[in-house]
Amino acid sequence: MTIEFRGVTKRYEDGALAVDELSLTVPDGSMTVFVGPSGCGKTTSLRMVNRMVEPTGGEVLLDGRNVRDADPAELRRGIGYVIQHAGLFPHRTVLGNIATVPMLSGWSRRSARRRAGELLDTVGLPAELGSRYPAQLSGGQQQRVGVARALAADPPVLLMDEPFSAVDPVVREGLQDELLDLQRRLGKTIVFVTHDIDEAVRLGDRVAVLRVGGRLAQYGTPADVLRHPVDDFVAEFVGKDRGYRGLSFLSAGDLEVDDVATAAIGSVPEDSDEWRLAIDAERRPRGWLAPGSTVDGRLAEVDLVAGGSLYRRGTSLRGALDAALSSPASLGVVVDDDGATVGVVTARHVLDVIERHPASVTATSGTANTTATSRTANPTATSRTPRA
Amino acid sequence: MSITDELATYLGSANTRAQLWAALAEHCYLALLPILLGVVLAVGAGWLGRTWPPVRGTLAVAANLVYTIPSLALFVVIPGVIGTTILDSVNVVIALSLYTAALLVRPMLDALDAVPQAVTASATAMGYRPARRFFGVELPLAVPVLAAGVRVAAVSNISLVSVGALIGVGGLGRLFTDGFQREYYAPIVVGVVLTLLLALVVDLLLVLLRRVLTPWQRPASPNRPVAAGEAA
Amino acid sequence: GNPLRGGAEGGDDGRIVIGASDVGESLLLAEIYAGALRGAGADDVTVRPPVGGREVLVQALRDRSLTLAPDYSGNLLRHFDQDTSATTSAEVYRELPGALPEGLEVLDQSPAENTDMLVVRGDLAAQGVRTISDLAPRCDRLVFGGPGQWGERWRAEIRELYGCEFKEIRTTDTGGPVTVEALRSGEVQVANMFSTSASVYSNGFVPLDDDRDMFPAQNIVPLAAEGALSARERAALDRVSAALTTEKLTDLNVEFSERKRNPADIADEFLAQAGGR
Amino acid sequence: MIAETLAWLGDPANWSGPGGVPARVLEHVGYVALALAIALVIAVPVGLLVGHTGKGAVLLVGAGNIVRALPTLGVVTLFFLLLAESTPAAVVGLVVLAVPPIMAGTYAGVQAVDPHVVDAASGVGMRGMQRLWQVEVPIALPMVLGGVRNAVLQLVATAAVAAYVGLGGLGRYLMDGLAILDYAEVVAGALFTAALAVVLDLLLAGLQRTVVPRGVRLAELATSKGAA
Amino acid sequence: MTIEFRGVTKRYEDGALAVDELSLTVPDGSMTVFVGPSGCGKTTSLRMVNRMVEPTGGEVLLDGRNVRDADPAELRRGIGYVIQHAGLFPHRTVLGNIATVPMLSGWSRRSARRRAGELLDTVGLPAELGSRYPAQLSGGQQQRVGVARALAADPPVLLMDEPFSAVDPVVREGLQDELLDLQRRLGKTIVFVTHDIDEAVRLGDRVAVLRVGGRLAQYGTPADVLRHPVDDFVAEFVGKDRGYRGLSFLSAGDLEVDDVATAAIGSVPEDSDEWRLAIDAERRPRGWLAPGSTVDGRLAEVDLVAGGSLYRRGTSLRGALDAALSSPASLGVVVDDDGATVGVVTARHVLDVIERHPASVTATSGTANTTATSRTANPTATSRTPRA
């Protein structure tokens, strides 16, 4: 289901202009992330989709139909909504929470709860959590229940308002992975709100950067926004590591992988004046053996220098560069999907690939329109902000 | 005569015991029915305050005003207003219902306000219409706070019913007037003790009822404590 | 509905509700009536706890919340006829039926009397105050204690008859503990009490002689909602009234307010003695 | 009833002398003030102590509930018999009535002080009593006064029982009116009682405004706005 | 004042072991940051310094004296304590809050308030805020007042427990800068608690990484922790960008700065087939003029491609690499302290410098002791965690 904002404006009763002439399209089956500083109108924009907020100007269309023409309650039952802290009903069990929308839509209690049980599985929660109350779950589990609840009636559209901001960074990353996976499997049209540019870039097919006052600053693919911010506001907002982060969107392509001297744990390595990668029986990297170091008898973990981050073959250049930079040997270890060592890369190889990449800059004149180097179809967006 | 002897003599009469039971039964009826009615009224006020916020101020003021009227006066004036007979126990029931409601309106409104915004918002977003949201989500979540208010109201009611004895409808209160008239400790002591016991039992029942109504507040699993939202 | 209230109170369904005023012995009399009626076969008889004064009882009898209540002939007459000059038992009882409003009736009056009387403490009596006439010259220095409605009923009377105008009329209660306490502590020097009241004598108070017959005769008389009682029930009440004398009533009062016995128990004993059942 | 009440109010006899409205109001206020003063002396220290130390909260709540359940009429009559004096009996009954709300308000107020703030107070080196007086009490004041207002409302409404044991106050109109079914007098008594309660409550609200620190009010405002 | 933890253990009444045999020294005048996942005992450790929590084993020494021998209230007045959410007294004005400790210590009201006024300035707040109440301040301002209050009695030691966690990222960065500046000026001994590794690395002279169960995993300089995590837990905790982040601790040294073709805004540039850096009258970079692009008349902002991040000369290699990576021309712009263009660097130059850096790995055998490549003196620490 395609979501389209057409010149949408929201001015609250107190005169605050929360959203100003927002126009953009979220194509069917894709995820758009609204990102921007606090108070820039992200939540307001999101809520105009399910009529929790009524626009004071413009219109929001779902598959071309103005949402204003739908009965609000009916409309909302067809749109999943997930918010920060999950907004779970504390007085209902996990299953009761998930079954809410089906029950509202008139399903029988039994089938609603059966569906809820399935969804527990979909979001990766064990079935025995079903009878718990939200207060008995961890933050991450609550968020998963929130997602399951939003999915319960199998709505084509999902709205998610900072759903993961209350959980700690590690759990958060796990939840993001699961959301990406879910999205791949279910193909919903998702609007996601966050104020964290990293999250936006990680999740979105497209990112809409809003500025305070509710104006769209830029709408484009994450690569676009990171690599070609339209103005200083966006540049500042995406942060000073944007060059490095932008590598996330460069595929490794023909990255040259070198062989590396290895030494198996348990073997008796000869002395050597080069760095050797210690590997175990499954060829998984365990650490580095420094040049000139001597090993008493068989090679054991205690003889090693801790390794750097690992680079999984086929992922973006960001990981490759970090692997090389973090390695004590300056050699980034490349592993396959099973974690077995494939070889090593140097930072220089990575730079080679970066340089070989086609210069993706097409917007040579100072238009503020977003560029077209999208991962998916060309987003329809109008950013009316002139270059700062 | 020592107080124990006095009590023994007093309770020795079968007629006395029969009267005590009747008084106790009447006391229960006079104190507990108003709690039920008062809760219904307060819920109604809460609903009104939620759906139409401008009346909230008025509701709060009205509740406070009701509370300023002496119970005795209310008992006596009610027949004049609604046309019941002066000895009708309905007068006491109505008056105490009003007090209960007055006592509960504030906590009711506060409790409804304390329902996390995220929860109401997600209910709305899931397609709840206002009435269903109120009864299905907001009201249940207000129960813990409301329950604390009901406990106070119940205990106050049980103590207040006695005043009705001054108009001849007072449950255990008649023991006080009787003891007073005859300068007789026994009925007063028995009356106070029975009132306290009744209050204790009712309070206990309310605590149990609250536990039954709020299963989500029970720490069912050891891995996470549940925030206790109980007011004193 | 109210499970304790049943249907229409004091109605024609055979249910009998007996009221009592806040005069101490009123409850005792009510229990005696209750016992007598039960003896006469009435099976649904309740005694309500005391409520206020005559005004309340009359109102309740008229709206049939009550069926029956003990009352005192003289005051009852004055209640409906301010200007009556009847003072003797016979005069009063003769005038009563005519004075009663629609819906009320009195049964036979009892020879037992319980009149209002003014009492003073022993120390004042020792100064030679024995009658209200003795009191009259000192009235303007004395504080009087009595029920709330006393002033309204008697202030003019006592001024007219005796020329007594109290310094202050203070509300205590209807011959109850507050009155006793006030007189005992000297807070009031004269108080209105009742002739059968045990606490007058147990506290050493001295009743003053009503030498100009200000207080009318006060025979005990059952006041009933008209037509609410069967002939058999009326007969039972008449028998009880006949059996009750002033001495007997005073004795019963001692049992009630001094020995603190349950009024129902006292009533049972009295009725057994009087062969009322 | 309205006409009769107006007539009663218009009768100058009801406005003068020992039985007149001004005298009755004064008596009424007297009972309330005396009972309130005693209740404050009992309830506030207990509430502060329990709130400050966090010890005995269960006991306090339990005791509060029991005291609340004590029937005022029973207490008054019992003490009348025990003391053979009307005023102390009535005052004891009223004190019993006023203690629970004041105690609960004080305790809840101290206990509700943001734990971060209490922690900070210890962290900057305040000793127990310094923390109590410099931090907990000022912040708890709104709730303490809330409890007091609550108590005053109940006191004013219930001081009428004093009339039952022969005392004055506005309860006199209720009792005497009731005895002779003079509705006008009862209604007048009720009106004056209610009006007195409202006036005293407004006075206390004013007091609350002046003694509650501005910062605490602002903070309250901020949170209530946040919640709205 | 030196803070020393000697085998400090804290077991709460309920049996929870919050801190387990913690031994480390915070040298006089330095800042140590405790970092670790939620519940790892950071707060507990911190609070044992000012006796808000009493250890159940071991001892905490301040300049060699056991804190247990001091009167708690006196001790606390000599130690500044800043907590999350600031914990300001809502009933006191800003000045009143700051003056608290001096007043407790018996200063006169006047001098306490004068001191408070000075401190307002120290923490960068305008004097007119002094008469406001905490509820009238923004989160960031409240945090500053919290810091000022802790500084009021000029204590040699400051304890800060997640002081900046309640404010948004931008404000937070500002507060961190100010804290670093303050620390430079005042030279306090500071223990700082956070669960954000970025904050830890940014602020700390030393970082103590704790694991759940209250055990010290690693104690060392930020560079150390990022570049040589002792085990998988620390490696995981410091995150997967650690190679890149670690560049923060490599000085640019002899980084080669190239000249770049420039074009002044307002001039009429000739056509060219190389990237030219557009600069303004103060030589500040404004963006890039793409190769082969034509300019209609005078060069204006609209003709430009937005530039990448800027690299300030003399800062770490991290900024240099990002500048190169984020530049559309692959040339990172180097500016001086005034923001004027100095030249450009390429990613390759940066790699050259990285490679020339002495291999800082000295721990060639698998000891878990921290390495000695500290920015300051060698920290005394015992990490008892074996290699994972």
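Some points to look at:
Each chain carries a letter (A, B, C, D and E) given by its place in the written order, and its residues are counted from 1.
Here is the rule we use: a residue touches a chain if its C-beta (ideal position, glycine included) is under 8 Å from a C-beta of that chain, and two chains touch if they have at least 3 such contacts.
Because the structure is predicted, anything quoted here is derived from the model rather than measured.
Separation of chain A from chain E in touch steps, taking the shortest path, is 1. The set of chains in contact with chain A as well as chain C comprises B. For the pairs B-D and C-D, the count of C-beta pairs in contact is higher at B-D. With centres defined by CA atoms alone, the chain at the far end from chain A is C.
For chain B, the chain with the farthest CA centroid is E.
Work out the mean CA point of chain C and of chain D, and you get 39 Å between them. The geometric centre of chain B is 38 Å away from that of chain C, both derived from CA atoms. With centres defined as mean CA coordinates, chain D is found 59 Å away from chain A.
Inter-chain centre distance (chain D to chain E, centres taken as mean C-alpha positions): 54 Å. Residues of chain D in contact with two or more other chains: 80-81, 165, 175, 178, 181. Taken residue by residue, chain E touches two or more other chains at no position, since every residue touches fewer.
Multi-chain contact residues of chain B (touching two or more other chains) are listed as 86, 165, 167, 170, 177, 180, 183-184. Every pair of chains meeting the touch criterion is listed here: A-B, A-E, B-C, B-D, C-D, D-E. Residues 114, 116-117, 119-127, 130, 135, 138-139, 213-216, 218-219, 221-222 of chain D are the ones that touch chain E when the two sit in their complex. Against chain B, in their complex, chain A makes its touches with residues 50, 52, 72-77, 79, 81, 83-93, 100-101, 104-105, 132-138, 146, 149, 159.
Residue ranges of chain C in contact with chain B, taken from their complex: 2-5, 9, 19, 22, 24, 27, 48-52, 56, 59-60, 63, 65-66, 176-177, 256-257, 260-262, 264-265, 268. Partner chain A is touched in their complex by these residues of chain E: 37-38, 168, 170, 195, 227-231, 235, 240-244, 246-247, 290, 293, 300-306, 308-309, 319, 321-328, 330, 332, 347-348, 351, 354-355, 359, 361, 363-367, 387. For chain B in complex with chain C, the residues that touch the partner chain are 6, 9-10, 13, 15-16, 19, 22, 25-26, 29, 85-90, 93, 165, 167-168, 170, 174, 177-178, 180-184, 186.
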